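Note sheet for the following structure.
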Amino acid sequence: MERFWFLTFDGLAAGAVYAAFALALVLIWRAARVVNFAQGAMAVATAYVGYAVVSATGSYWLGLAAAILSGLALGALVERVLMRFAGPGGPLNQVIVALGLVLVIQAVLGMIFGNEYRPAPAPFDTDALTIAGVAALSPYDLWVLGAALTVVALLAVLFTRTPIGLRMRAAAFAPEVSRLLGVSVGRMLTLGWALAAAVGALAGMLVVPTGLGLHSHAMDLVFVIAFTAAVVGGLDSPVGAVVGGLLVGLILSYVTGYLGPDTTPLAVLVLLLAVLLVRPGGLFSAARARHV
Amino acid sequence: MRTTTRRVLAAAAGLALLAALPACADDEKQAAENVPGVSDSEVVIGTHQPLTGPAAPGYSKISAATKAYFEHVNAKGGVHGRKIVYKVMDDGYNPANTENVVRKLVLDDKVFALLGGLGTPTHTNVLEFVKTQKVPDLFVASGSRNWNEPDKYPTTFGWQPDYTVEGKILASYVKREFPGAKVCHFGQNDDFGRDSLVGVEQVLGPVAAKQTYTTTNQQVGPAIGALRAAGCQVVISATIPGFTALAMGQAAGQGFKAQWVVSNVGADYTTLAAQLGDKKVILEGMVADNYLPNVADTANPWIQEFTKIHQKYNAGNPVDGNAIYGYSMAYTFVQAMLAAGPDPTREKLVEAVRKGGFRGPGLVPFRYADGVHAGYGGVRLTKVSNGVQEYFGPAYTTDDGDGAVTEFTEPPTNPPADAVPTA
Amino acid sequence: MTTTPTETAPATASPLRRLLPGAPAGRDPRGSTLLRHLAVAVFAGTLVVLVTNQLAPYQNLQVARVCAFLCVTAGHTVLVGLNGQLSLGHGALMATGAYTVALTQQALDERAVRGWWTLPASLLAGVAVTALGGLVVGLAAARLRGPYLAGVTLAVATLVPAVTTIFTGVFNGEQGLSFPAQTPPAALGAYFQPERWLAWIALAAALLTMLLLANLVRSRFGRSLVVVRDDEVAARLAGIPVARTQVLAFVVSAACAGLGGGVYAMLTATVAPGKFPLDLSLFLLMAIVIGGLGSLAGAVWGAVLLVALQDLPGLLTEHLSLSAGLAQRLEGNLALAVFGLVLIVVMLAAPGGLQGGVRALTARLRGAVRRRPATRRSPDR
């Protein structure tokens, strides 16, 4: 039983990280109806910026702010310079442009910063608090979890309560109609990409200290797992992203702990099939999946 | 339409007949060519390295050092008057790319030999090809025992101590210093981890608990938690640097205090400290092993010579364990080329390595002999104290079978002038 | 994400014909399609054989790899382009074919069963097993759309290392398997270049795949693929069994991937999980989109691109002389950056892929007589 609780906490800590990153994917899906395969690489790029500021100023929070701001800028840039022109070719073209972008970003980061892992200090203690002899969550895990939940709350307010959020949703769901209604669809798309990249940047800053360190490939694995989490939760639902992230984190932890580290990809596939065959639009799909 | 179709068919048939004819002429000529890669002024050799991708951290610096050393040797007149040209090909640690670049090196660039191809899963896949092409495949940069199969792969040679040799020596240290302690094993779920465990259990018997990780899953918490729950007092760890740091970090986070004893592959202090940053204090007390001059020992004559070369030809990179590895391996290659004589052939080079007898920067001799293609036969233990990784105790040698672990008492050699071997 | 907006018009024009500029144009009675495709295949095959006779060993291996990848990309582009089902898992399907061929070849060799027919038999086994795998994935896929299908197939793509490690006894973990290499038949002479023989085998597989797919695309089934992609409701009304068509498309596509994977394994006589990473699956998708989605000629471009991607690293920095520190950072990375940039530029400049670009160009050169409008359906969202 002690083992079970330990694995549960371990899974929640990992899941919080996946949830944060899945949120960024959901955000961009809602804004632009595209899965951004470059999200991981973009987040790494902004994390490099963030940690450069951290080491220059000594303040984690300044670094975090710098990462998020550079995320905003990078997202807007990618949309304005690339995705806008790839868009007419269709979503698959955007996926391919994103994959090309991954190559470019990772290569450029490698050229500038070299191939080594760089330390990514965490702002809070990473030593786990012990509850009844079980190593539970560390203060840092709590910060990650709190940050992810805060972002969800903010997004919920943005998308349901603010005019700009509503316009963004409208622009994504029905671009033609929105245009007729006077919504600047292009601007909404740019905003969507910027916001998503900013959330991605935040997620990147949260993820990197838990892994091997800062490196151009630091988010490769996380991207795959977070994508799974977003799909499990339902790509349209920020709440789904968080639930999906925690669920995937827990399952990976249980499977790794009880069955061994090799079996996790199988477990992920089984989870995906189990969820999607019952609910083809993910756990939190609002309606039956539309046939796109 | 019908007539065009028929015309195309007829033309195609004619072409097909033509195609069958002139196939052979150039092939025969090729078979008669003399020593590939060797001219009066040059010896061209090649390698595959993970310059990009997830295995690039640390390991991508090895070939940079090897290349720098050859530039140094070339500036001093080369080997038997020939300059060494070292072609480094990036394989991103993907075996498909390895197969491809090795074929390019051998078939297209016509290299004389392969030197220091890096990685077990990558290099395993080119063994058959290398054998059929009869290319000397020297000093594979991995401690797998696969390279020591002279009957199957007569031209392939290892260089670093294999993981079983390492495991045996680490375990015998644990047996001596921690009698009766609960000893556990944490390893990569491939040959690296398995060979290491074989060596450890050879000396200690079954370990109290064993856990594995896979490089595509960074969630090592559950494995470390299991070791903690099993009450392990000593953890012998066969991990690559990233996962050494990750595992020791997890252990510290969980309040799990054990003596870590880490394989050389994942224990370079410079690399680990750079990755851990402020958290590098958790490395204090870590025991590991090495077989090359210690980079922290600036008084060591080998380190002094290599640092000179480094500053001249490789200044952009740090002097660390990876660099020393690259220099030392290049040194051994120059020794082998010298032994192969002024008119080297592939056979002569393979024969020269098989004869062995090279002494250089390494603390212990190579095991090369008739029927043995394994590299260094032992290691010496190191320990991190006050942020410095230092040697302690004597060096030990053993084999990968049931041979005893014995002290090696010969003193280390000193480098020749300019650290260029002369004979 | 399932929408496929390129001007895929192969329902009216044979894509294979595009391989051969100046080939006899349209106006063909329906009965001769097979014959015409056959003629083009024989012609293209002969041309490549002639070329391989002039090539050095390594270049022949490149030709062989293009052919192996062509089997995969051709089947993949039919699934994604014509049927609108996105698969990110074709690398795993290749692995299935590759491992089946390796295991079959090993088993036959151990029992000292030899003969010219062993390789075709192994490849056939590879195709069969992979088709079965495709059936399983396809059954799940038929229920899923867009990114959800992408998610499941992405998970499939990451399976290879897990499965090979769990069943180490069969697949030998991450070391993989090796089996006896193919050698040219004695009839070709003692000095016949082995790589040329490999290229010929791969070429035969690629031509067979292209021939079958070209005919399939022009058949009734090929047209139902497109109808199902464009409008499932209309397809149902027209009496096309939507789910069955989708599953069948997956099976066909998987069979091609299995053949390609088997040939790919044969070229080096080894398989290992590391050869089929997630990147491979992503690059396969990239190849068919850049080549021109839904077009078999585009699949040829895609296959060439995949081989170029493997060969590029090292090519660039080899010819630059740089200081050690800088060189170490640029090596590999520079090539990847250039490749990524090229991808992006091609995608922005020619949204229909390379083949779309070629089409537009030839149409313009011909005086744009009956130029197909380049406008695309805006993706239904």
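Think of it as A, B and C in the order they're written, each chain with its own count starting at 1.
Note that in this section a residue touches a chain if its C-beta (ideal position, glycine included) is under 8 Å from a C-beta of that chain, and two chains touch if they have at least 3 such contacts.
Composition by chain, UniProt nomenclature: A = Branched-chain amino acid ABC transporter permease; B = ABC transporter substrate-binding protein.
For clarity, every value in this text was computed on a predicted model and none was experimentally measured.
Participant: Testing understanding: with touching defined as stated, what is the shape of the graph linking the protein chains, line, ring, star, complete or other?
Facilitator: Shape of the chain contacts: complete, all pairs touching.
Participant: Relative to chain C, which chain's C-alpha centre is the most remote?
Facilitator: Farthest chain from chain C, going by C-alpha centroids: B.
Participant: Of the pairs A-B and A-C, which shows more C-beta pairs in contact?
Facilitator: A-C
Participant: State, to the nearest whole Å, the distance from the C-alpha centre of chain A to the C-alpha centre of chain B.
Facilitator: 37
Participant: List the centre-to-centre spacing of chain A and chain C in whole Å, with centres computed as mean CA coordinates.
Facilitator: Taking the average C-alpha coordinate of chain A and of chain C, the gap between them is 31 Å.
Participant: Chain B: which residues touch two or more other chains?
Facilitator: Correct list: 51-52, 56, 60, 189, 214, 216.
Participant: Show the residues in chain C shared as contacts by 2 or more other chains, in ascending order.
Facilitator: Within chain C, residues 158, 161, 165, 328-329, 332-333, 335-336 contact more than one other chain.
Participant: Chain A: which residues touch two or more other chains?
Facilitator: As it turns out, chain A has residues touching two or more other chains at 107, 110, 115, 262, 264-265.
Participant: Under the definition above, what is the set of chain C residues touching chain B in their complex?
Facilitator: Residue list for chain C touching chain B: 23-24, 27-29, 32, 35-36, 38-40, 42-43, 45-47, 49-50, 53, 56-59, 61, 65, 158, 161, 165, 173-176, 178, 181, 188-189, 191-193, 195-196, 268-270, 272-277, 279-280, 310-311, 313-314, 318, 323-329, 331-333, 335-336.
Participant: Which chain B residues qualify as touching chain C in the complex?
Facilitator: Listed in rising order, the residues are 1-2, 4-5, 8-9, 11-13, 15-16, 18-19, 22-24, 27-28, 30-31, 51-52, 56, 60-61, 64, 67-68, 87-90, 92-97, 99-101, 103-104, 107-108, 120-122, 124-125, 127-129, 132, 146, 189-191, 214, 216, 313-317.
Participant: Quick one: which bits of chain B touch chain A in the complex? Just the residue numbers, please.
Facilitator: Interface residues on the chain B side: 51-54, 56-58, 60, 189, 212-214, 216-223, 225-226, 228-229, 242-243, 245-246, 249, 252-256, 271, 274-279.
Participant: List the residues on chain A that touch chain C in their complex, please.
Facilitator: Chain A reaches chain C through residues 29, 33-35, 37, 82, 85-86, 88-93, 95-97, 99-104, 106-108, 110-112, 114-115, 172-175, 224, 227-228, 230-232, 235, 262-266, 268-269, 272-273, 276-277, 280-282, 289-292.
Participant: Applying the document's contact rule, which stretches of chain A touch chain B when the two form their complex?
Facilitator: 2-3, 6-7, 10, 13-14, 107, 110, 115-121, 126-128, 130, 135, 138, 210-213, 215, 217, 220-221, 252-253, 256-257, 260-262, 264-265
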